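In structure tokens below, several structures.
The following pair of complexes shares a single chain, subunit A, combined with subunit B in the former and subunit C in the latter.
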Partner chain A sequence: MTWNFDILPDFIFNGLSLGAIYGTVALALVLIFKATTLINFATGELAMLGAFLVYVLHMEQGLWLWLSMLIAMALSAGLGVLIERTLTRPFDPSDHLPVVLITLGLFLIINAVAGDIWNYQVRILSNPFGQFPSWVPSVGGDRFIMVFGSRLKYQSLGIWVTLAIALFLLGLILNRTKAGLAFRAVSSNVESARLVGVHTGRTLGFGWAIASAFGTLGAVLVAPQLGGVNPNMMATILIYALAGAALGGLDSLGGAVLGGILVGLIQAVAVTWVGVVVFGQLYMSILQLAAAFIVILIVLLFRPSGLFGTRRVERV
Partner chain B sequence: MTSIAPQRFSRLGIFGVVLAMVGLAIIPFVTSTTGLRQASQIIISVLAVLGVNVATGYGGMISLGHGVFIGVGAFATGYYVDGLGLPWLLAIPLGAATAALSGALVGLPALRIKGIHLALVTLGLAIVFQPLSKRFPKFTGGVSGKNIKAEFVAPSWWPSDTRMATAVYRYLFCIVIVGLAMWATWNLVNSRFGRSMRAVRDNDTSAAVYGVDLISARLQTFAVSAGLAGLCGALQIVLVPFVSQEIYTPQQSLVIYATAVIGGLGTIWGSVLGVVARTVVGAVGKAAAGADGLGPIGEFFDLLDQPAFVFGVGLILLTFMFPRGLAGIKRPKRTTG
Partner chain C sequence: MVDDVFDEVGLKVENLHASYGAVEVLRGLDFEVPAKGVSVILGANGAGKTTTLRAICNMCDTSGTVTLGDEDISRTGTAEIVRKGMVHVPQGRGTFPELSTMDNLMVGAYTRKDNEIKDDVDRWFEIFPVLAERHAQMAGSLSGGEQQMLAVARALMARPRLLLLDEPSLGLAPLIIEDLFERFITLNKETGLTMLIVEQNANLALDMAQYGYVIESGEIALHGSAEQLKNDPAVQEAYLGA
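Let's look at the complex of A and B:
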């Protein structure tokens, strides 16, 4: 067994770009958890639906890819608001079980509807970052550049830049707008927020909207790595995102992104690279999933608040 | 059963039981071997739902991953009869026991992880199980599954060995096992152990103060719950001698959980009611899906052929209409802990 360090940067790049996607989906989970202490189990399915919207708009209707993405994100946001308003608001937010059931029901419904409309076969969705655009000097048209003797894909760069812009915008919305202020107030303390006149329901709907839009973004970015879109595409991504959210702390937005990136790195470096070096390719996929699962377990067992989350005091 | 027994038969309950028994007795005379097998499959699915009910309804631990234990039970039983050549009547309890053991292992994190976090862990387990089982083809047949060569046939004293007679034997066998399991679970939840289980569910700290060993109570609850699901898996291959990872999807686990909740958590009959409701709704959906010539409405009815869709809608509707499930028994406030 020789430890092949030449290929390590390859895995790091890969891990960082996958991790950024996990971070995006983890953000969608945390945005809802932070405000409602509710894990939206339908996050992945909503994101998948968003990716299919892009598929319809771009591949079938021929719209420009980025415009389709924006429209799909807006539509998912609208769907998020609709779900919050009609399905979760009637329930007492302090009682988890009914709302968990609602999101599980949504999981089943969205998956079945998507399966009914688009079948369960993988459909190709164009990669927003397939190759460097032709106006980039010297590498225009290439799929990657060489860094540290390894291939740094345009796709990875694109994902990082997209996520950075999305995070910047999210920061602006949360810190510089009234709705963002209301959201921070509600997630810090629902009762006090309500007492000072924040419309909590509308604010939660706002949280659902941003979360759904982020989920859609994540699903569109991950689609090329999965070979395309299909109704079951988000099941495994959801596990990695949950692992990232748990690792970062379920109520920390920055933690979710960092946790997602860490999970991507763990997956790529600790599992894939070691897997290739030690075992050969054979056990890669299952080791990756198992690693995500083990991260969830270890974090929840030994540090339920995650790396950056607020610790909860147990009431008896 | 003493006078303080928490659950007693009502008149309606007795009527329901009699009706169900008459129905079960009629089925073999009016259907084919295929119909009989499908009826048996519906009947054994009560076991898995009952398993969820024990963990969530009585133990207060959300499990979104009971499909995993069905899978473990099926794979293990298949291996015992085929790989080790054990007789079926030994392999079935062993398969259920294997599932119970795996349940106790899964229960270990549940000692510390509670509520929605446990839901997250068990859902993770449900998602990991399929790719994981592909890696152990010796037990699972890998990606495409495998046939179990040993078939479950009627013993020599059974009057006939035609296909129909075998199907009837399997059908009755399943009914007896499910009946026994329900009776055992009934006794268990109304025993000393059942009371400590519910005490842990309602308030674990006060349960511990009253002398309940939290660790063993939680582990045993999870083991019993997984054992019931494993028994369902074992009976699955009694009916169809084939195992494959393909059917143990996360969606299936969610459907089982949904059925338990729809029926009503914390009551044995709730599990049966849940399965009945699921079957009726599924049949209606199938019939509606078959209706042609309705244009776009017909397209919608096609969706009703998808069990997952029907259960998803049912889950949401029932959460709105009957927050306490069909059985209507008051659900404790702290089910999620």
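Let's look at the complex of A and C:
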């Protein structure tokens, strides 16, 4: 057993950057949960589809990567609106089972269609943070800058900055626009929203749009860490994101981001650093997925509303 | 002082039926709400008072004709009805608890496109000063009376021609109820805003209103001026505790 603290910051940095991506996907889950109190299991597959759109636009059509990302996010948003309009709105919103089953069905269909088009091998997608200034040192494939005597990957920095900008924009949309106000009203009280003249269906579509765009952003950011895009790329990410959303509180946007980051840290520090580095138990690394379930279990047992969620008070 | 912004308009309800699933709650209501007046719906628990307001706004399965001013709104969706000028303050107030008092008012003006929204906020802050004090507070943290004022102010932000109020006194202390109802009367006198109020507290309601309707088992059992109803032996016995 060696408590190797010298390399601990490496793991923390890794955990924070993976966690930021989980947080992005968790945000996509929570945006829809807040407004409809249902979990959209197709979140991950919609995000994967968005990443493939970037693959097509950038790798196949040669468009600039960031432009491809913006286009893909816009197209995902449109698809989100379409799904809300055609597959969820016709159903009674107070009856969750049919809609949850539909999102599960979407999960399978999107996965199968993507598999049919692009097959299941991993396809390389350029790293959004692949262009480096000359002063950034590199070892192997990783570019980094030195912080606390540890390597902070250039890519991690890029992920944090991108997510911070995206969160800032989301805050502006939700707090400074009329559509954002309507979305918050619908999330708070659907019936009252209707009574002040808000078209709830359209507003939910708006939520689906933002959530899908965020999912796509998360999928593109995580792709380089997975070696590229493939139809199954989001399966485990979705589970980590669910754990993050549960930890943060399913109806708290800030909680989703923080919860996702915490899950990333738990993985990197508690499982990988303590398990693999300190105890030298290689098998510990496969416990990463289990760690996510343990987080969900503990939250459900001791604090069902999560760290920042609203505690439900049932009035009679 | 605010009479410039409100139109006067009445409501006409003909053969209104409403049901929740297989349960028929309203069995053919006919009544008219006169423009500029305050009208009140009385009735026992479960008589269909709340359902009447919900049915008028198309919030449940209904049949029959509802005319606002001279426009048939029987088939108009709930959100669109707000744009026609009828706003409903639901039972239990229906504020947005996670939104600030200010945001609650702003969302009340959701249907408006003019640039006098800020002026209206100031106007209602003047009339309900406690809301101005609490403008940054989450609505869920306001007291029951404050939330009721917020719900009414939010409805007024839409500049309605007709206001539906469902049991505004529910859960409030007597002094607060009196204060609130005085504000309603003032509002009606100063603006000519038409009001239809569902109320359990029949004494209070008939003191304030000019017209009243009594609902029993989903039908209008009695109607008339507030004076007539107050002096009606059946009403006295059933609702006024005389």
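Throughout what follows, the second predicted complex is superposed on the first by the 297 of 316 C-alpha atoms of A that agree within 3 Å, B and C clash if a C-alpha of one lies under 4 Å from a C-alpha of the other, contacts with A are read in each partner's own complex, and residues count from 1 in each chain.
In this text, contacts are C-beta pairs under 8 Å (C-beta built on N, C-alpha and C of every residue); 3 or more make two chains touch, one makes a residue touch a chain.
Just so it is clear, the model here is predicted, and its values are computed rather than measured.
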Greater residue coverage of subunit A in the superposed arrangement, subunit B or subunit C: B
Partner chain(s) touched by A:178 [first = subunit B, second = subunit C, both, neither]: second
Contacts of A:304 with subunit B and subunit C, given as first, second, both or neither: first
First (subunit B), second (subunit C), both or neither touched by A:116: first
First, second, both or neither for A:193, with subunit B first and subunit C second: second
On subunit A, the residue positions that both subunit B and subunit C contact, one per complex: none
Complex contacts: residues of subunit A adjacent to subunit B: 37-39, 41, 87, 90-91, 95-98, 100-102, 104-113, 115-116, 235-236, 238-239, 242-243, 246, 283, 285-286, 289-290, 292-293, 296-297, 300-301, 304, 316
Complex interface listing, subunit A residues touching subunit C: 178, 181-182, 184-185, 187-189, 191-200, 310
Complex interface listing, subunit B residues touching subunit A: 62, 64, 109, 112-113, 115-117, 119-121, 123-125, 127-128, 131-132, 134-135, 203, 205-206, 250-251, 254-255, 257-258, 261, 302-303, 306, 308-309, 311-316, 319-320, 323, 331, 333, 335-336
Subunit A partner contacts - residues on subunit C that touch it in the complex: 57, 59, 78-80, 82-83, 87-90, 94-99, 103, 106-108, 110-111, 154-155, 158
